[in-house]
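Next come two complexes, and both contain chain A; in the first it sits with chain B, in the second with chain C.
For the complex of A and B:
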C-alpha cells in the first residue's frame, strides 16, 4: 500500500514537471513585437521588428528619456528563416501575437506578396487581424522609426492613424485576412493601405532635437494589387470613392460646390465660395450587376445620411427647398467623384478592386463560372451607373450662414 | 445509595473527587443539633444566596432531618437518591445538601459564575440588524434564541457528550417545520458520538458531517441568534454546545456561504446587489491568481496589448518565475493574516503596517515582486473576507488553482474548475443536495439565491429542507 502511494506520488510529480509548462513563457523572455516590416534586399528577405522595451512603462518617474522600442532585423531566404536569424542578434524571442501592423516595402510588394504570407498564417502567434500597409516608394524599415504623434510607442502611432480612417476614409484598413479573401476571389482584387514618410514643417523651435520631429507619416491613399502584385497607387480622393463602393463609409466629410442658378459660380481665385461640407453619419452602398445583351452594366446605389458641417453660401437651411438643393449638389459631387475613380481604375489598371465581380458571382453564379477567368477584361469595358441619394438630417447650431 | 451517616457520605465524596482543592464540604449543625453537610465546587455557586436562604434557614429552624426540604428557601431543589447523582449535580454547579439520618440528599441550584457579556460577534459584524451574539453559556444562548422565537413549538433537547468533559449540548428545532428525517438522522449521528472530549462545536461538526474528507464544510456555524432563528424557520436544526458561542446548523447548502442576515434587512435591490458582489468575490478569490498566472505564462495573446506591456514592465528584473512569485505572495498574505490575528491588538497594528509596507511597497521597489502581483493578491484577500463562511475552502482551492494555472495554463484552471464543481455537486448534507437550488435546479429556490426578491414574494421555505409546512405566508394579493 505504502509503495503504491509512493509510486502514485512519483507519477503525479512526473506528470506535473514533465508535461506542464512546456510552452510557458515568462514575460521577461519575450520581445513583444508590435510592427513587422518586410523588405527584399539583394534577393533576400529582410524582416524588421519593432519590439517594445517594457521598462518604459514601469519607470514612471523619468519619462521621455530613452527610446521605448528597439528595432531588430533578420535576413533569410524565407520569412521563417529571417525570424530565426534574429535570435542570434537579439536576446529575446520575437513574440508576434500582439503584432498589429505589417508593413511591406514597395519593392517587395511589386514582386509579389503571396509567397511570404504563408508563414504569417501558419504560425500560431501571428494575428490574422493584423493590418497591412505598403511603404510607398520606400523600404518598410524606413518608415518604421518615425513617431510624430503623442503615443510613446511608434507602433501605436501608426495603429491610431489606421483607426482614424473611420473619421477620414481617404485610406483603407485592410487586414491580412481580408487581403487573402480578395486574393482568392477572381472578382475582387486586393486593395491595401499605404504609408508614406513625409517631411514636415518644424514649428517647434524650442525643442532641442529636431531630428525626430522632421518627419511625419501619412497613410493617405491606397495601393492597388493584381492578385498579389502591387501595380499602382490611388490618391486619397479616389480611395475614398473605393471606400464608398466597398460600403466602408461610417464617417468622413464631403465637400461640394453649390451652383445657385442666379449667382456666380465658384470663384476661380482664392478660396472658393458657394461650397458646403457635410459629415457623413451613415453611408449604405448596394452594388448590382446587370447584363444587357453581351454588355455588363455595373450599378451602384448609395444612400448617405449626413449632417451639415460648414456652409459658405447664401443659403438658408431653415428652408426645406434649400436643403433639397444642398442634398442634390452633394449627391452630384459624390457621383462625379466615384465615376472618375472608377473610370481611372478601369482605364489605368483594369483590375476590379471594387468587388463588382463578387456581386456578379452572387447574382449570376452560373455565368460567373464561365467568365471568371477574364472578368478583368469585362470589367475594363463595363459601363458604370451610379445613383446617390443624400439626406441631410442635421444642420448644426445656426440656420443662416455667416457669409 | 446514600449513607445515613454524614461522615460516610463525606468520605465517599472526598474520595471521589480525589481530594481536589476546589471541592468544598461545609459541615454545620442546626440549633436543634441536627448535623448537616453542604457540598459544592468553589466559585460555582452564589455564596450569599447559600448563606441567606439555606444556611441561615436551616441553622435556625431545622428540628427534624425529614423537614429539611421545607427550610430550603429556593425553588430549584431536586431530591437525589445516589451519591453518583450527587457527584454529577455538583459537577454541574449545584450544591448538594446532606442531613444526618436521611437516605436522600437535595441538590439546590445556586449556580453562578462569571460570564462574558452579550456583545457583537467580531466575525459577523453587521451594519443593520441585531448586534447581539451568543456567548459561552448555553442557558443564555437558549434565551437569546427563545427571544427571537417566542413559540412553544421551539424545542430544545439537551444531552451530555464527552466521557471526560460531560459537555451539555442542545438540539434546537421548531416542531412542525423542522425536517423530520434530518432530525432523526442528526439524533442518530449524535448518539453515535463516542468522544473523549467536546471542547467546542467544531468537535461535534467533525463527528456528524457527511464528508469529513472534503475541503468544504457541510455544517454551518454562526454566532448570531437572528441567523439561527432564520435557519430554524427554514426547517433546519441547530446544535448548541455549552462553552462556545458557535452554534451549528444543519443541513447546509452551498449558497448559505454567500448569504448574510443583512441581505434580508436592507432593500431587496441592495440585498441582491450584495449577493452578486459576493458571488464575484467568491470566484475572484479562488480563480483570480490562477487565471492571472495562466494568462501571463501561456496566453499572452489574450491580454490587451497595453496591459501586457505594463505587466511586462513590472516583471522586468523580477528574479522569480511568476508562479512562484504569486504563490509566495499568497503565503505571505496568509502569514500576515495569521500573525495579526494571534498577536495582541496593539502589536497587531504594527504587523499590519509592516505587512503593508514590506509586502506592498518595499518588495515592489526592491524589484522582488511585480506591482501587478501585489495588487492582484491584495484583491484576492479583500474578496476572501467578503465570503467568510467559505474562507477555509477558498484558501486551499486558490493554491491548487494557482499551481495548476502555472503548470498547465487555462487548461489547468478549467480542470480545477471542473473538479471543484463536480465535488460541490456531489456533496450532500444530511441527505440534502449541497448545491441546491443550482443542482438539482429549483426555480423557487433561485428566488433567494443569486438575488434576494422581495420578502412578500418569498412565500415558500426552501422546499428541499422544509418538507412540511412549506408555505411561509399567503402570497401577496394580485399575484
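For the complex of A and C:
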C-alpha cells in the first residue's frame, strides 16, 4: 500500500511538472521567415528576413491594402549574432524552419560563403533543402521585396521562378545540400542560381500602384564558384549548356536554324525564317574522359528526345528525310552552344563546373591521385568533344508547315 | 532465479531484440561513415566486417551453445569458480551500466540538439529512464512484446524512407569502387567495426530464455547479417544524399537524410523517423537497464527488480553530470575508446579466458552440472 502511494505521488509530481512543454513554439510569438538575405555591410553580416504578416487576411487581399510580408534586418559579426540582433528591433523571434530561399549578396559571395554560413548547417531550424541564389551585382536586400507575379507572397513568387527550370533550363536550382556536395567534390566546383532586379515595361497604365510593379525579378543565368568563392557569371544560354552537361534537363526548348539548301540562310534582318523550335521531352548526358598521350580529352554524349513545337521553314515533317535534317540541325545547334559554353568556362574561369574531374576520378582513379590538385589547370587546356543525337518523336497537330 | 521459468523467447522475438541494437546505432550517428576507409567503399568494409565479427564472437558463441541453460554469469561461476565468477558479474554489470549511460547520453544529446533544445537535460533523462524502468520492471517479456510490436514497424519505415528519398540519390557518389581505399584501410575499418560489436552479449544474455536453444548459431548469424545489411543501407542512402564528405561532418546523418525527403510540396518526413527512432532507443536503453540489473542480481543473489530504480537513478545522475559538462557525440573520445576497450574485454578477452579454463576443467564442470541437474 505504501509503495502504491509513493508511486501515485511520483506520477502526480510528474504530471504537474511535465504539463508544459519547454520547447513550445506559440504561433503568435513567431515571425515565420520565408526568405533570408545575407550581405556584408561595413565588415559585418547583415541579414534581411522576409516575414509573413499574420494580420494580412483574405479581406485585405481583396481590397489590395497592406502587404503579406514584412522585412526585418539584423546585423552582427556572425549569422547567429545578426539573428539575435533582429530581436531588438522586431517583436517576434525569427522562425527559419519555413525558409525556402536564401539570397546572398554578391560581395558576400565573392568573399567566400562557407566561412560565414556555418549556422545554416548547425541550426536545426534551417532546412538543407532551401534554394540558394546570388544577387547579381547587388545586395540581397535590394532584390527582396519585388513581386511582379500573381503570388501574393514574394517568397512564393521567387520559389516559383526557381521551379520554372523545368520549363526553361536557363537557370540553376541549387539548394544547400547540392552546393555542399559539389563544394566537397574534388573535380566539380559549385554553380548557383542568380537573381536580378530588372526594370520592366509598364503596360497597365490604369494601375496606380507604381511601387515594385515597375520591376521584375529575373533568375536567368548562373554564378560560378571556385570552392566557396564567387568568381563570375554565365548567361542564360551558357547556363542551359551547363544543365545539359550536368544531366539536369527535364524540359525546355531548343531553337535552331534549318537550311534546306546551301543558299538558304537565316534572315539577318527582320524576324528569322528557316528556324524551328523543339521541346525537350527527355535529355540524357554521359560525360567521359580519355587520355591520349599527354592530352586529356573531355567527351560528352547527349541523347535528346524532343517534340516539334514550331517550324518556320518549308520543311515537310511527314517526310522522313526532312525529319532527319531537323534532328541533325537541332543536334548541331546544341553541340555549338555547349562547345561555346565549355570554351568560355575553360578560358575565362578555368574552373570545372561540369564535373569532368569526377569522370576522370571514376575512370582513372590512380592518375587522379596524382593530378587532382592541378585538375583545374588540366581542365583549362583539355580538348572538348561532343556528340549530340536528337530524336524528334512528336510533330504536333499538323505535319506540313503553314508557310 | 531473477527471471521466471515461464518466460520463453521465440526465435523472431530474440532476433528483433538483437538487431535493434546495431540498427539504432546506424539510425542515430552512423559511426561507420568515419571509420576507415571513410569513403565510398564503407559498405564494402561493412561486408568484410561480417566474417571478422563471426570469428571475434566465436568464444562467446561456443559458451552460449555449451551453457545454453545457464546465463553468462552462472556459466562464469561454473567455469571460473565462485569468486572469479562474482568479479566477472561485477564487470558485466559495469559494462552494461556504462553502455546504458553513454548510449542514453547520446540519445538525450540528439533530443537536445534536434528537438528539445530548451528542455533541461534532467527532464529528458528522467522521462527516458523512468519509461525504461517501467518497461523492464515486470521482466523481459514486457520488453520483448513491445519489441515484437514496434521493431517490424521501424524496419518497414526504414525501407519506406529509403524509397521516398530516391529523388535525392546521386549514385555516382559510389564510384570508383575499391580504387581510393587501400586493402589495409578496409581491414582496419572492418576490425574497428568488429570491436564495437556487442550484440553477441545481448544474445548470450538471452540464451536462457530461448524457446529452441538449438537455433543459437542461426540466431547469431541471421541477426548479424540482417543488422549489418541495415547499416549498409543506412550508409548508402546517407552517402548518396549528402555526399561522402558532408556526411562525415554531420552528427546525425540519418536524421539529416530524412529531413531532405520531399514529395512535391510535402516535407516533414523526419517526423516519422523521429517517432521510430525514439521507440527504438527506448527499447535499446531498456535492454541495457535490464541486463545491468540482471548482472547485479546475480552478483548479489537478489531479484533484479530491486536494482531497477537505483540503477536508473545512478544513470540519470551520471548522464546529467556528463551532458551538462561536454558533448558526448561530437567529442567522442575518450568515452568511445573506453566503451570499445570494455566491449573488447567483455566480448573476447573474458569469454576466451573462460573457454581456455573450460577446456582444462571440462570434466569437473560436467560433473558439477550433472549433480546440479540431478
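Methods note: the second predicted complex is superposed on the first by the 377 of 403 C-alpha atoms of A that agree within 3 Å, B and C clash if a C-alpha of one lies under 4 Å from a C-alpha of the other, contacts with A are read in each partner's own complex, and residues count from 1 in each chain.
Throughout what follows, a residue touches a chain if its C-beta (ideal position, glycine included) is under 8 Å from a C-beta of that chain, and two chains touch if they have at least 3 such contacts.
Worth saying up front: this structure is predicted, and the values here are computed from it rather than measured.
Student: Touching A:32, do we find chain B (first), chain C (second), both, or neither?
Tutor: Touch status of A:32: first partner only.
Student: Is A:2 touching anything from chain B or chain C once the two structures are fitted on A? First, second, both or neither.
Tutor: Neither partner.
Student: Using the touch definition from the top, say if A:23 reaches chain B (first), chain C (second), both or neither.
Tutor: A:23 contacts both chain B and chain C.
Student: Output check: A:100 vs chain B and chain C. Expected answer is one of first, second, both, neither. What do you get?
Tutor: The answer is first: A:100 touches chain B but not chain C.
Student: When the two structures are overlaid on chain A, which partner does A:365 contact: first (chain B), second (chain C), both, or neither?
Tutor: Once the two structures are laid over each other on A, A:365 reaches chain C alone.
Student: Once the structures are superposed on A, label A:89 by its partner contacts, choosing first (chain B), second (chain C), both or neither.
Tutor: So A:89 meets neither chain B nor chain C here.
Student: Which holds for A:54: it touches chain B only (first), chain C only (second), both, or neither?
Tutor: Touch partner of A:54: chain B, not chain C.
Student: Counting only touches as set out at the top, which of chain B and chain C does A:199 meet: first, second, both, neither?
Tutor: Once the two structures are laid over each other on A, A:199 reaches no partner at all.
Student: Just which bits of chain A does chain B share with chain C as contact spots?
Tutor: Common to the two interfaces on chain A: residues 21, 23, 127.
Student: Would you pull the chain B residues touching chain A in the complex into a rising list?
Tutor: Touching chain A: residues 296-298, 300-301, 305, 308-318, 321-322, 371, 406-409, 412 of chain B.
Student: Taking the complex as given, what residues does chain A use to touch chain B?
Tutor: Per the stated touch rule, the residues are 16, 20-21, 23-28, 30, 32, 34, 52, 54-59, 95, 97-98, 100, 125, 127, 153.
Student: In their complex, what parts of chain C are in touch with chain A?
Tutor: Contact set of chain C toward chain A: 113-120, 123, 127, 130, 168, 170, 172, 175-176, 179-180, 241-246, 256, 259-260, 262, 267.
Student: If we count contacts the way the header does, which residues on chain A are in touch with chain C in the complex?
Tutor: Touch list, chain A to chain C: 14, 18, 21-23, 124, 127-129, 177, 180-181, 183-185, 358, 361-363, 365-366.
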